[in-house]
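Some structures are shown below for you to check.
In the two complexes that follow, chain A is the common piece, with chain B as its partner first and chain C second.
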Partner chain A sequence: MEVACLRQGLLRYTWRKLSARINFSNVTSQPAFVTAKQERSKVPQHPVSPSINEDLPPKTEVDLQLVQRLEKLSLVDFVNKEGLTRLEAAISMADQLCVVNTEGVEPMITVLEDRSLPLAEDEVHSGDLSEELLACAQETLEDYFVVPPGNITYSEEKGYYRELDQGEEDI
Partner chain B sequence: RSGRKMRHQLRLQTRLQNALLRHYNINSQYKPHLIRDYWEPVIGLEIHAQISSISKLFSRVGTRYGAPPNTQVGIFESAHPGTLPVLNKRCVEAGIKTALAFGATVNKISLFDRKHYFYPDLPAGYQITQLDYPLASNGRLEFIVLNSSLHKHPYRHSVDLLQLQLEEDSGKSIHDKDNNRVLVDLNRAGQPLMELVFAPGLRNGEEAAAMVKEVALILTRIGTCNGRMHEGALRVDANISVHRPDEPLGTRTEVKNLGSIGSLLKAVDYEIQRQIDILESGGNVTSETRSFDTHTQETISMRDKEVIQDYRFMPEPNLLPLRLHDSSEPNCQYDGSLDISKVRAKIPELPEATRQKLIRDYGLSLENAFLLASKDDLLDYFMAVMSNTKRSSKLVCNLLLNNLLEALNSINTDITNSPLSASAFGEIVDLQQSCRIVTNISQQVISAICIERDSRSPTQIVLDNNWLQLSNDVMEEIVEKILADNLELVEKYKKSKKKKLLNALMGKINKASDNRANMKIVNDVLLKKLSS
Partner chain C sequence: DMGMNYLSLSIRDVSSLLKQKTISSLELCNAALKRQNAVAKLHPFITHTPDLARESALHSQKRYDRGEQNLPLDGIPVAVKDNFCTSGIPTTCGSVMLQNYIPTYSATVVRRLQKAGAVIVGKTNLDEFGMGSGTTDSTFGPSKNIYRSGVEYNFLHPSREYDNILSRIPSTALENGDWYVTGGSSGGSALAVASGTTFLALGSDTGGSVRNPSSYCGVVGLKPSYGLVSRFGLISLVNSLDVPGLFGRYVDDVATMLSVVSGLDPQDSTSVSSDLQNLKLPENPSLDGLIIGIPREYHWPGMSKEIVDEWTKVADLMEDSGAQVREVSMPHTQYSIICYSVLNPCEVASNFTRYTGVGYGHRVSASHSMEAMYAFTRSSGLNEVVKGRILAGNYFLLRENKSKYFKQALKVRRLISEDFSKVWASGVNLLLTPVTLSTAIRYSEFQNLDNRTQTATQDICTQAANMAGVPAVSIPVSLNTEGLPVSLQLIGQWGKDPA
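This part shows the complex of A and B:
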């Protein structure tokens, strides 16, 4: 009984603190929760597929050259019919956004855009993790990660011929 | 009365400005130098400066140079899933400091972006940089081209700083061609970089070299980067194109991997020449990335001549906007992570201000001011010696820059560890300035203390060795004696007046006087006696 009284007191105390900040003049003195019947729910009761009647941009055709370039840039393999249709469908769905008037509105980067970035002090907190890191790799050599070579530059061939020339001069 | 004071101050100011201008030998109207009177080269530089901080940009892992491979890599740099970036405060301060040193506007809100490309030394597949909203923009760099081979005197030039951004570095790849593999060291991955993007306002290699030298000097002076190009702390990419002055800009190529001022100079000049040769033979310059081969001293193509690389920039979702506030502004809301005015207060005197002070207060030449302002320890030594205001700055400069530096060079020491302290050096200066010793003797005293590690004071050395300058009477006696002993030489000179013969006589007098005679006075006396 005493505990219940204390709890009520605490609730009223916090409520009073809240009400001091928030204007509750338009709220009548009713219990906190309202039944579903009294207020209309925003969640549709049956599935809805809305269609946009306004003009959409023309359907983007994805040709082979573009696909090859996209594959090279993203390293995602999707050169088959299903992948292409899926891509075109995704682009059409995104086209619906063009209907929205965004004039004068800054694009949102993050939901936390009104906060500022926390900065950390310049200190070293972790040391030598080379053993664990190198253990993740398939092939290592003397504490280096070993990877296959990339593009071979033209200078390499040039250097090869230069070496041959020098060899002949020595003889 | 206040009007008169103002006019007086204005007159002093213009006199001072005119004096400085005369010192700098500036032509206010600069006529661009055209190659073969036809082609105008246009060069823009992008400088990547490694911030000297103890930990990396987004993680608290060490940044020490020369550490064993893969020992300074954390879970963030190696792109392990579930890791998030945390921005380094000191790096932001360094960025702000550098921006203010170039007179740039520090943007109160800046954003980070991802730049995607695939390469083994970029574990995440993207680099976190700043594209559209960098840390600072709209600065200006003024510099002096000191030893111009095109224009025979030093001249001023300036370039706009378009933007300054913070970004992280990638790792290092070592190409092992013999075994057809690449070795990757991720120590450098995640290291903090400041990218300084300059406008294309340069016209040849020597301007580019002078500009980079000034940037390195400024960064070293404010302490944000150590400026060591050979360690990779300062990297320069050059964008080069040529065009005819009345036509639009030509296609540009980018030359990367320039690791020294010398390479920059040669690469820029070579590339300009290469593009002119192509255009004059009727061809077109292809837009590509090239690198500089230090062996052949030529630029070579790096990538295939394909479509331009698409970096698929997107905002970095794990980093909030970087907000800064400036408490010196009237309506400051104090809503940022850092206060710009606190950083502004920590900026020391910039090299150009030091040079102007040296020229104005000590009457030094431009070249000497350059030399002194470029090395902090040398400058401190000079100021210590000049604390005695009666000493002649010209004499001090001569003895310091010519004699002392040479002696220190021969024993492989720098000025901070000089066996000859500033006060002892000052003693030598005083002795010479008061005509008690001559320049040759000063040199000998410097050598004695530096090279032979003589621990006596300069005055003691001079007195012990009997090196005081000869009085005029004794000197005249010696001159008379030499003239008497070398009558033949005297006759020859009187007939031909050849300088060689005069120098021979001077040499003999110098030897006879044990290097103690003031050769200027000897010259006058000798000429007087010979003409009689």
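This part shows the complex of A and C:
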């Protein structure tokens, strides 16, 4: 039975990597075990605390109407109460953005905004792939993907709806 | 078994051996496959591709036999994260939704690796759809960090004077069956490289998903400049932030990989042209004249002392070696993770409308209504983390919320990006920062936090580089007293990846 025995030249790799970056003729200390020169180092030795935002908007309550609206838009469900708590936590975190002063700042949609990106010509290059693509689907008929009728809305009662409706519970 | 030792070499060294016929491509491939079996319990791979690997290796061998030696990665085993499409090979994104999906095409980066002679040995594990920072949220089970996992390994150093120190570094398994997480979401890829099953691996980085696991697993992890590497075939998470990432044990190996995969791709309209195809790092790099910035805000409350110590040591080392090191300020850093918490779900809500069960993937029948069919399919195919992001995204995009959240996040994004621009304008060439707040976390602690909290804490030092689209690399620098890797991050100007 073969023992899972690895020879990891880890420190050797570490040094090869560092030496790819640093000319070693200048280095006299044993870098992995040298003591830090805290007094004159440029690295801050104490944590820099992020500024605290005082005027946050009030906490958003997730009510039944919102839950049903989001589930309809997303066509996924919250699953359980944790899902609702998760959303509330996400909104709370996002609220911290609202206090940042962005007056006069344009939204940045892409980091490549400063250049003209190439657009492809409207030409078919890949040929007829219908057979391969249809093979990926579970329900097909001849050259068609099959779906049930599209004009019937779907809604389903969930356990957490009742809890929200009652207004109580520590959601 | 000599084959196993070759797996620890750099690509340059093993390529020489392949060219000299000291070892054949097939032997190297078999050694890699054997190593896969040895570390199988750590679960780096979702799908193993031994037959395809051997076929590629045979082709490689024939090329070497004919004396053709011009492909940069000929015969080199590589791994691919399971959110890159690979023709004929299941591509699952770690999700039930794509469990049965077999793409009809390969991602551009995969094709470029194959054209360079690389031998793909498998698809690696990830947090479902790339959402997570531990590789613990995959449908197919978690990946475990090789350090202190119970798999035996030794530390080597070319100089014998370190033997005494090396023997004192712990490498035994943790008590009670606990283990360290690999980090995520590209944990499987980081693990594949760290455990020697491959020389290189592809990952994807949207908020730190390549640098985070690199830091925990002790390998080099590069997130290139946005646009440098084609995203065609990378299953989208956040189109404006996603970047294919590269893993390797040696910086030179990662540079070679970058030269292979980078470059304009007409099939990705967000890819730009570059001239890195012949990238060769200098043999004797020097730091003279280099200005290194230390952004003070990256010393977060709660950062472990050993990380701060290593950061300090390396900064001082760089200063002693000829670089100018100065403290800088990037005041919007603290908003980066919050900005991400809005932009990510918004783009996800949009991107994930494609998962309906109609054209591919998981499908749950509902004969009466298309809407019902979509809802059943999506609810059963996607995990709670994914669903949570879709719902949050749709909340932020509601007409009454869009300006307050989505637009505001886009504006804050610009402020974060301008923090970088100002630093570069002041003369700084590179920023040196930590990658994560601590070394790898024990699973017993990690599982107590929900996914959202985990990513909010673990992505704190990595996220801003994605916002600004600038290149960033995680480099292991040391091992701590627990025997875990400690890494630091270098961030550069957009397009200046070779730096």
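Definition applied: the second predicted complex is superposed on the first by the 97 of 171 C-alpha atoms of A that agree within 3 Å, B and C clash if a C-alpha of one lies under 4 Å from a C-alpha of the other, contacts with A are read in each partner's own complex, and residues count from 1 in each chain.
We adopt the following convention: a residue touches a chain if its C-beta (ideal position, glycine included) is under 8 Å from a C-beta of that chain, and two chains touch if they have at least 3 such contacts.
In this text, all values refer to a predicted model and were calculated from it rather than measured experimentally.
Contacts of A:G83 after superposition: chain C is touched, whereas chain B is not reached. Applying the stated contact rule after C-alpha superposition, one finds that A:L73 touches each of chain B and chain C. In the superposition on chain A, contact is made by A:P148 with both chain B and chain C.
Contact with both chain B and chain C is seen for A:L129 once the two complexes are overlaid on the shared chain.
For chain A, the partner touching the most residues, choosing from chain B and chain C, is C.
Applying the stated contact rule after C-alpha superposition, one finds that A:A120 touches each of chain B and chain C. Contact with both chain B and chain C is seen for A:L112 once the two complexes are overlaid on the shared chain.
Residues 69, 73-75, 109-110, 112, 115, 117-120, 129, 133, 136, 145, 147-150, 153-154, 156 of chain A contact both chain B in one complex and chain C in the other.
Within the complex formed with chain C, the chain A residues making contact are 2-18, 20-23, 26-27, 29, 31-34, 36-38, 41-51, 66, 69-71, 73-79, 82-83, 86-87, 89-91, 93-94, 96-98, 100, 102, 105-112, 115, 117-120, 129, 132-133, 135-139, 145, 147-150, 152-154, 156. The residues of chain A lying in touch with chain B in their complex are 69, 73-75, 109-110, 112-113, 115-130, 133-134, 136, 141-151, 153-156, 158.
By the touch criterion given at the top, residues 53-55, 59-62, 68-75, 78, 86-92, 111, 116, 118-120, 173-175, 177, 180-186, 291, 293, 296, 300-304, 307, 310, 312, 315, 317, 319-323, 335-338 of chain B touch chain A in their complex.
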